[in-house]
Amino acid sequence: MLRIAVIGAGRIGKIHSGNVARHPRCRLVAVVDPMESAAKALAQEHDAQWASDAADLLAGKDIDAIVVGSPTSTHIDLIDRAAGNGKAVLCEKPIDLDIAKVNRCLEDLRKHPVPLMLGFNRRFDPSADALKQAIAAGTVGRVRQVIISSRDPGPPPLSYLAASGGLFRDMTIHDFDMGRWLLGEEPVEVYATASCLVDPQVAQHNDFDTAMVIMRTASGSQCHINNCRQASYGYDQRLEVFGSAGMLVNDNLRATTLRRFDAETTEAREPLLNFFLERYADSYRRELDAFVAAVLDGKAVPVTGEDGRRALMLADAAIESAREGRAVKI
Amino acid sequence: MLRIAVIGAGRIGKIHSGNVARHPRCRLVAVVDPMESAAKALAQEHDAQWASDAADLLAGKDIDAIVVGSPTSTHIDLIDRAAGNGKAVLCEKPIDLDIAKVNRCLEDLRKHPVPLMLGFNRRFDPSADALKQAIAAGTVGRVRQVIISSRDPGPPPLSYLAASGGLFRDMTIHDFDMGRWLLGEEPVEVYATASCLVDPQVAQHNDFDTAMVIMRTASGSQCHINNCRQASYGYDQRLEVFGSAGMLVNDNLRATTLRRFDAETTEAREPLLNFFLERYADSYRRELDAFVAAVLDGKAVPVTGEDGRRALMLADAAIESAREGRAVKI
Amino acid sequence: MLRIAVIGAGRIGKIHSGNVARHPRCRLVAVVDPMESAAKALAQEHDAQWASDAADLLAGKDIDAIVVGSPTSTHIDLIDRAAGNGKAVLCEKPIDLDIAKVNRCLEDLRKHPVPLMLGFNRRFDPSADALKQAIAAGTVGRVRQVIISSRDPGPPPLSYLAASGGLFRDMTIHDFDMGRWLLGEEPVEVYATASCLVDPQVAQHNDFDTAMVIMRTASGSQCHINNCRQASYGYDQRLEVFGSAGMLVNDNLRATTLRRFDAETTEAREPLLNFFLERYADSYRRELDAFVAAVLDGKAVPVTGEDGRRALMLADAAIESAREGRAVKI
Amino acid sequence: MLRIAVIGAGRIGKIHSGNVARHPRCRLVAVVDPMESAAKALAQEHDAQWASDAADLLAGKDIDAIVVGSPTSTHIDLIDRAAGNGKAVLCEKPIDLDIAKVNRCLEDLRKHPVPLMLGFNRRFDPSADALKQAIAAGTVGRVRQVIISSRDPGPPPLSYLAASGGLFRDMTIHDFDMGRWLLGEEPVEVYATASCLVDPQVAQHNDFDTAMVIMRTASGSQCHINNCRQASYGYDQRLEVFGSAGMLVNDNLRATTLRRFDAETTEAREPLLNFFLERYADSYRRELDAFVAAVLDGKAVPVTGEDGRRALMLADAAIESAREGRAVKI
């Protein structure tokens, strides 16, 4: 039984708390959030304790692990303390927006090795998992091209952008991780171009809302990513892997299989699932399974701090590329 | 080179005339229709002769074959004359609405054997053909169930119904032929139920516009047909063959591959092709290919008079079944 | 909080026990099965009591409701006792294989009215639910034809057949319920034909493994059902509703969205989900939601004893029809 | 009636000759090819003259137009002569591999203006045409991203590469034209990366076989192209246009609608059409229609010499970009 405190009582903290509480091998000990009313409400829903600060829990003996869903700026401190107290960590991406800090954090972790897993939840989507396994089984032969389409249903509030790290570090970072994972080889060069086509005000925040990326590996494999902060038809999440022996494609997931035929259109289906909490509900559950198996059964952590660091490096390179109009070497 | 006269200058005569005129192994010698202006216009379009009556052409030496697209009531006389003069015949279905007359016609034909091919054009649809070949190749194993969905975009005028022979002999007859062909075994029992759901006035013509049929073969294979004279989303033509080793499905054909995604629907495609002249354009061309190959190269006629007779027997059985509420033995 | 005993510790009892145990508004009080080891193991998994007989539990005050997943022959006695003790019942189909006994049971229930819900779980499938709601919203206009394709991945053991009531009462009964529900009108006539195409030994049990059905309502709407006990490609569950304004189609559900393209095939997807426990996992959960809402919130029971009786009448009519080769009036 | 000589009796010349011969408003006067046996055979098939050189035909009065399907190196001379003699030209892409020569050719053409149409046949594909019309109708709102997937079934012989101009000028050039057309705005910046993943020998010819491109317009719209000379599953041709109001997608075209379900896979379809002559058969016919309408009816030429020049500029920019690892401004 893994005794867990969930840090953060926002929408992602709610997802994690529910999954921990329902997991047969976990116990939700506490919910932590400086906004006490939020921590209390979520904790009570699952018969857990609540706290406004994680320090005592991390120093004590009541928990074995933390699941970190608090703001990015708090991650490194939490990882440090957890490591110092021998607690395992499942941490939402990114570790930090500053690659230098991330490097230091991972360096420090070598002195106090505890399991640290990064929350790139999309790897645990059943379809993405089946895709990865099919690649591993040789279904597409040698991977030549990966194409990742990833568009949000609607943009976040402008107030969110300042602390977000920008489009590439906030949104594309999931796709950078997915690209690395599907390519099976590190990208050595990144090119990106980006625009403000959804909302011109985004430009005032020195950010973008619409982007295209190409990455290239040492052996010449290629990966394209396209992003947009707004898609009228819902949360668009597609993958394509093309290789010497064939192609594998993951289409969007739907709530129902219903198709409609009428005088105007045929084969019409409902809009896509609204956003990541619905779309990746299974992924968050399976991510927790993997974390529990890593900590309790000593299995390898499937998404490491190094994976988090690599994705951030790609995001930083994309930002530089978009500004300078040239491919950036990693 | 096969020298052909097309009998009938209506919409089906136009299709056949165009196909004959463009066929590299055919010459369109004449178009025949008692409505002289129609015959003349169609003939001139293809640099052919025209006539209001087929008698002289059939008695002469200018043609080798006729393609019959005139009203059903004229078919048997044309077949008789063609046979008497040694001309081959490609005849639109049905041979006649009266099974006794059909039997006599086919009996007579034995005395003057000429190639007679029935125009069950759907067998020549590339997808139907691929389906039949896959069955023959054993892809589905032993055929257990065939399902035929066949709905028209809109009903014919009420004035058409009187001479049509009714829903089962006019519309379902194509599906009876398709069912026999895909089952690969003769149905021995037919059950049908039918209603007037599109237009209550159809009932006054002692006819139906919406029907379901089940046929059964001696070995226990089953075939379901569903029909309706009106489908808001277009001309619906689907086939399904289920057997011990798997299933094959033919979906509807489309003019384009375009799919649309917006705030209301996703994956939306255009309405289906409007009607048989568009949907089965390829089938009519490939049907003529088969007729030409039968006559010029001595290949087997792929759809025989007996096929026409069998389909009519099933239609007659369906009418009896719908009236009496019991399965009718063939 | 609804306190529930689950009767039956077999595969369906396991599904219900898990769902009850995880339901936020339920408590799993006990698991009952004459096979004590099975009852004990399942009860312990969920921290519940166990018993080899339901009598004491039904007479006592520890439970509010039972979920019945025991053999069909036990259903009526359990319903009777539950009613006598004021306990609500969620009962797997059918109430009984004998329509006379079912009639008596429902008659008796009028004297001791308790909520009785029949386990036609497919109505709670999210796609079926969306389909029904779209019909109710007028999307297809007036319903003309319903087509239900329902094929199992593999046949049950021959030993199962004797107590099953035969194909129509055991398997098609789900489709009879679905047909009634989607038509929105009672069938007044049933025709069925059936064969033994999967296994000739089934005929020795006076049963069938492959069937087609047509039902017809008073207003002339039609419903076709096709069944087979074995489909190589998995558990095939499709629905089609065609009406004056359009068509709605529910395709099969998949575990992943993955499509494969290679030198032999394109667009290839995985085989269908193996069987009902996987395919209808969501349905069982949502069925329990509806039962809880009926009992605790006084909402209408969405699937009644009368629904169970009607489906059985249609199954009995289909058996008679298949034997006699005529449509049977209800 | 447009009197046409087809220049080139290779595979593309055969396509054009057949289409011209069957076109109701054209007459195929002659086929020209220095390989006399090829010219003769193709001409005889269509009852036309043949010649080993086009000079006399262009100087004479027997033809109104030429369709140029001869090697790229001959194009400019043919265009010059045709212009000097007042003949219209439908010319396969590219005008020339050298942009300076293309500029001079188009400059010269201003002195002798004759209709010059470039053979970017894919614009005339019915699905591409429907896509373009839907964009024009506002279906996707403001275009944000275009994605073009274009992979050949197999690579050309190495001997072909030397004269081809390389991957970007030979293969991607179609996609550059398609991108410009769908964006509705000129790209101002091109980035490309390319590899030899199909055949390492291609590198010895200073060429590539696998590439990804991103183009960007002045207003910030983006276009991604992916290419490969070899795809195991056939000739892959897909388009996606994403905008403020929605998305439009063109999938691959198929020869049949057949889908197969068995124990290993479901929904499996046949491999894609083998190559452009099959896949774009309709496009070549509709391209000729547009050329005829431009010349005979004075309609605008839908694909101009300027379109050819622009696509070549993009290809040249892509080559420079792939070599230098930076985006190249147009």
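For reference, chains read A, B, C and D in written order, and residue numbers begin at 1 within each chain.
Keep this in mind: a residue touches a chain if its C-beta (ideal position, glycine included) is under 8 Å from a C-beta of that chain, and two chains touch if they have at least 3 such contacts.
Just so it is clear, the structure is predicted and the values come from calculations on it, not from any experiment.
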Completion exercise
subunit B and subunit D share contacts with A, C
Handout entry: Most distant chain from subunit D by Cα centroid
Key = C
Exercise for the section: Tally the contacting C-beta pairs at the A-B interface and at the A-D interface, and name the larger one. Expected result: A-D
Completion exercise
Taking each chain's centre as the mean of its CA atoms, subunit A sits from subunit B at a distance in Å of 58
Fill in the blank from the handout: dist(centroid_CA(subunit A), centroid_CA(subunit D)) in Å evaluates to 42
Handout entry: Junction residues of subunit C, two or more chains touched
Key = 232-233, 245-247, 252, 259-263, 270
Fill in the blank from the handout: Residue positions on subunit B within touch of subunit C in the complex are 141-142, 144-145, 147, 149, 151, 189, 191, 193, 195-198, 210-212, 214, 216, 220-222, 224, 226, 228, 230-233, 236, 242, 244-247, 325-327
Fill in the blank from the handout: Touching subunit B in the complex, subunit D uses residues 22, 126-127, 130-131, 134, 139, 245-253, 255-263, 270
Handout entry: Contact footprint of subunit B on subunit A as seen in their complex
Key = 232-234, 252, 259-272
